[in-house]
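Okay, got some structures for you below.
Next, two complexes with chain A in common: one pairs it with chain B, the other with chain C.
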Partner chain A sequence: MFDPSLIVEGVISGLLIGGVYSLLAIGLTIIFGVLGVINFAHGELMMIAMYVTLVISNSFQVQPYFAFFLVLPLLFLFGVFIQKFLIQPVLDAPPDIQVLITLGLSIALQNIALLIWGPNYQSLQVSRNQSVIHFLGYVVSVPRLLAFIGALTVSGLLLVFLKKSNLGKAIRACADNREGALLIGIRVERVFLVTFGIGAACAGVAGVFIMPFFYTSPHIGLTFILISFVVAILGGLGKIEGALVGGLIIGVVESLGGILADESIKQIITFSLFIIILFFKPSGLFGKKLR
Partner chain B sequence: MERKSSYYRMVVFLATVILIVFLTPCLVTAGNSGVKIGLLVPLTGRAATIGQEVRDATLLAVDDINRGGGIKSLGGAKIKLIVADTGGKPEVGMSETERLIKSEHVIAIIGAYSSGVTFACTQISEKYKVPHLVNISVADKITERGFKYIFRISFKASWNAIANLKFAHWMGEITGKKAKRVVFLYEDSLWGQSTAKAWRKKAGEYGFEIVGDFPHPTNLMDVTGTVSKIKAVNPDIIFEIGVTPDAILITKTMREYDVYPNIARICSGGGHSDPKYFEAVGKAADCEFLNLMWSPLMKHPRIKDTNERHKNRFGYDMLDFSGFAYTAPWVLVDAINRAGSTDNEAIRKALSKTDLGIDDPGILLAFPIRFDETGQAPAEGCFAQWLKGVKEIIYPKKMATADPVWPAPKPW
Partner chain C sequence: MGSFFQIEEMDVVYRDMQVLWDISLRIEAQEIVSLVGSNGAGKSTIVNAISGLVPLIKGTILLEDEPIDGLKPYQIVEKGVVQVPEGRKLFPTMSVSDTLELAAYKGEAKRRKTQNLERIYNLFPILSARKKQVVGTLSGGEQQMLSIARSLMILPRLLMLDEPSLGLAPLIVEEIFNTIREINEIGTTIFLIEQNVYLSLELSDRGYVLSNGRVILEGPSQELSSNEHVKRAYLGV
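Up next, the complex of A and B:
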């Protein structure tokens, strides 16, 4: 049963799906890090991106990856819109108000999707997106590999953007100290708009890349929100590098758990690891040391 | 003039009195000549849609019986169906059963869909000695309590699990291509666990070797680990049971990694028989075998005709439950007819001597309807196979719509 090649394949497929978890969690963590808002509608943003991908791929008969070019700006604008009209007005309110807003948004989006696309499960019927390549004798799924490359590229670009560009630096400044950023003349409100947009776009891109090997339904966001919280907290809330590493760790652990134990027990393994890491590093892998 | 008008008034008064006195018994007799049967179904709550489907099929059967002349031995007495809503709750079901018996004076009861509710309701029927025909519930224990007035035409849940093994064995026999290595893939709630337990216990008896036992939680996110393990053990057959979203993900992942059993996937109802599943995965579901409770697709003129009338009247095809729901009143009527009375003891005796089959009027079930001493009929479901996007009936053989494809080729 414990065939070593199975374990290697498990690590590979875990890393691949982990890349998508990372991207999803990066969106969540950047919004929290900069705005201090927990976005409970994050899974629903991904769900919308999945439906958009489905519609584009089915109506134009193209590879789902083309949807990337529409989903990225669309979700970015949607994020800006959410920030401008829903979050901004309550930014200084107590956190529970913000939680209510994003939670309400999540329920509203689920029901809008229910209205537009119906309650059915849908998945892509493009035949060419299902294939594997053999790499050194191991089976690697192409759509998962593409998802991994896509997710890591977007995450990498985002990191470079935050480190090098002026806007990126402004975003980091706002995350560090909002008042300080205001004092040195950063237009904090605008930075917030961009940040929420980026966070939403991350969820969107994750949705595009997962669609070829997953299915969607109006409630699919609930399946993914839990794992993205786990990843974000594991890496240290607000830490992008943390979310990146956390996603890969969770992906590999889940996948190995599925192989060494079974799908039912793997959740116990994942969450036990989560608890153990938080026990030694309470603020997450990349979080600040608590004294 | 004055006298004449009072005379007329007298006549009118007397006539009215005479009419009332003489006609009332006639009205009462007319009321009595209807035979009341109670139907317990959930019409509110989570199972409400299924409850309505069961009620519709039962109503259709009662109307067919009445149109066909009612109960012959009782002078063509008509059936009056009293529908009671259980709300899917055992305690409501119990009080409704009591109401049906004590205030509606029903002579027999049918119901009550959910096993938990049926379990409770049948205790009341037994207490009042009112014959109770269980039409759909499958929990084993319903007919394992030594009750005398409870009869069941639906099968036991454990039989259904074993039916999959039996079917795979039978397919091996008739095609000569026998399967050996089997894998169980099941969701890990009570439903899947209890099915898998029965599979594990009986697999050896049918000549199968268990090479994999893979439970999974519902709403899976990633099933690649299990799929690689299935590939590694190289099974002949995968027996599956799960809900729709997981069935979709499993099929998609199997297709992605190009993993398929050597002979067949045999799936128990649930997700795999959901039309939404087929819509989502399309061709990838082709050649899967499905274990169904019943199907309006089974080839028989009466089933076809009944389904058409059902569709005309209610606007939708009969469903997996409808065949059992429609047959139940006919089984009762047959017993009442033979009993020749509405006495509970006489009906119970007649029920216990029931011997009906698909050739008898109103019966839509393929197996013989005879009750053993526990009140259980030797019920079985049917098997279908998705062939080119169509659900084709494979078993029972005499109602098959297509020849099985065995071993099933990879659908992609």
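Up next, the complex of A and C:
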């Protein structure tokens, strides 16, 4: 049978990549929770961040982590821009209009990336950090560990911001009841701008942290949008804690699926578990009970 | 010099249907004015037009002779015109104290937050006891009190209450109405929108009767309660 240490290593590696999934899905879920908009361009936001990381690292021959300081504000502003000029005008329109807009944006961004960077898979040219550390006899990849720590730190800071700061509370108020927020004088349109900015920045930071051990291509977003949908729905759409836990679960399941079954059919296991959980908890792990 | 608050010849179209015709009303400082009428008469639309949630197609709304129609909802709140909405519109995942503090997050309300909070907890002791509780777990009466308290945190000059008695037990309704009177006694002007015609005419100084989007009667509340039409249509006597 299987070597048990292989399983443990699978769980560790799954948890580590799961942290990045969590952050990505938090971005998706906060946008949905506050604006009620499903951002189909979320994967492309991550793709753009991955290319920006690549360009910075390759042009200046620096470690990719430096890109964090540019990608975070850049993607935040890009998110604000998307909200202001694409989403805000159709916010009161039926949901299918919003879907078309974000879907259209996703296709446009893919083709812009294709135009600028070409169709090939690309990865970092700086000497890759292949180092590992040994933890209780198990091998842990350092770039993955850094990605995990980075993603969870950003997620944690975001949670604290939402719980403690006035702006964070205003964001939660808008998610809870938009009209109630308007009636106590909250500038809801501004809160929406910030929210889309935060959501986009989450995708951006996830892109920075995954780049050291991944590759990018104009269509890489499709891989990640699927994962982040699964994670966000599993956790309960709009629930940030749900996306956090959901990301770790999906990371581990995917990783174990690759070990226990064949790498090529691991997604069957992921989606089967997804369906089983939704069968018992239709609104997700952290979602409200449906009657 | 006009009234403290005035609506002049207002028409409102909501969802492609005209729902209000030629509405004129006035509220003097420190008054309690009630707006009564049956379900669907357009009462809530008047309040929502004042709050800037629904646009006017004709007429104007004046606060101390300055037009406030056309302002954004947050600007109208900044002017001190605050609504306690029908159905409360609270934030179910937030705590009671977070809800109250968020309402006082800027301006004069922020500067006076601490003393205002103390005053409100005195006015609603039950909310003080439930400070840390999540709003979604409060009872209906407690939620209505929180909704009023949330608006008071903004230091309103004109407090508009839309159906504060809706869905509450008679004893709780009486408590809420007593509180409204107390709020008025400390200097807040009140605009009370109610289906409960008897109670609101008893509490208010003057009243307006709305039917099918038009003001059909107005006058001192006592006169209205003895009006034959009001008796027949709303008081069931």
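The working rule: the second predicted complex is superposed on the first by the 289 of 291 C-alpha atoms of A that agree within 3 Å, B and C clash if a C-alpha of one lies under 4 Å from a C-alpha of the other, contacts with A are read in each partner's own complex, and residues count from 1 in each chain.
Note that in this section a contact is a pair of C-beta atoms (placed from the backbone, for glycine too) under 8 Å apart; a residue touches a chain by one contact, two chains touch by 3 or more.
As the structure is a prediction and not an experimental result, all values here were calculated from the model.
Looking at the shared chain after the overlay, A:Leu256 reaches chain B, while chain C stays out of its contact range. Using the contact criterion defined above for the overlaid structures, shared-chain residue A:Ile87 touches neither chain B nor chain C, since it reaches no partner.
Of the two partner chains placed around the shared chain by superposition, chain B is the only one that A:Phe214 touches, whereas chain C remains out of contact.
When the two complexes are overlaid on their common chain A, residue A:Ala113 makes contact with neither chain B nor chain C. In the superposition on chain A, contact of A:Ser264 is made with chain B only, not with chain C.
In the superposition on chain A, no contact is made by A:Val194 with either chain B or chain C. Legend: residue contacts after superposition of the two complexes on their common chain; A:Ser123 is shown touching chain B, with no touch to chain C. Legend: residue contacts after superposition of the two complexes on their common chain; A:Ile225 is shown touching neither chain B nor chain C.
With the contact threshold set out at the top, not one residue of chain A is in contact with chain B in one structure and with chain C in the other.
The touching residues of chain B, counted against chain A in their complex, run 188, 214-217, 219-226, 228-229, 232, 244-245, 248-249, 252-253, 255-258, 276-277, 279-282, 412.
Every residue of chain C that touches chain A in the complex is listed here, in rising order: 51, 53, 72-74, 77-78, 82-83, 85, 88-94, 98-99, 101-103, 105-106, 150-151, 153-154. In the complex of the two chains, the chain A residues touching chain C come out as 166, 169-170, 172-173, 175-177, 179-188. Chain contact summary for the complex, chain A toward chain B: residues 1, 3, 6, 9-10, 13, 17, 120-123, 125, 127, 130-132, 139, 141, 143-144, 213-215, 217, 222-224, 227, 254-259, 262-264, 266-267.
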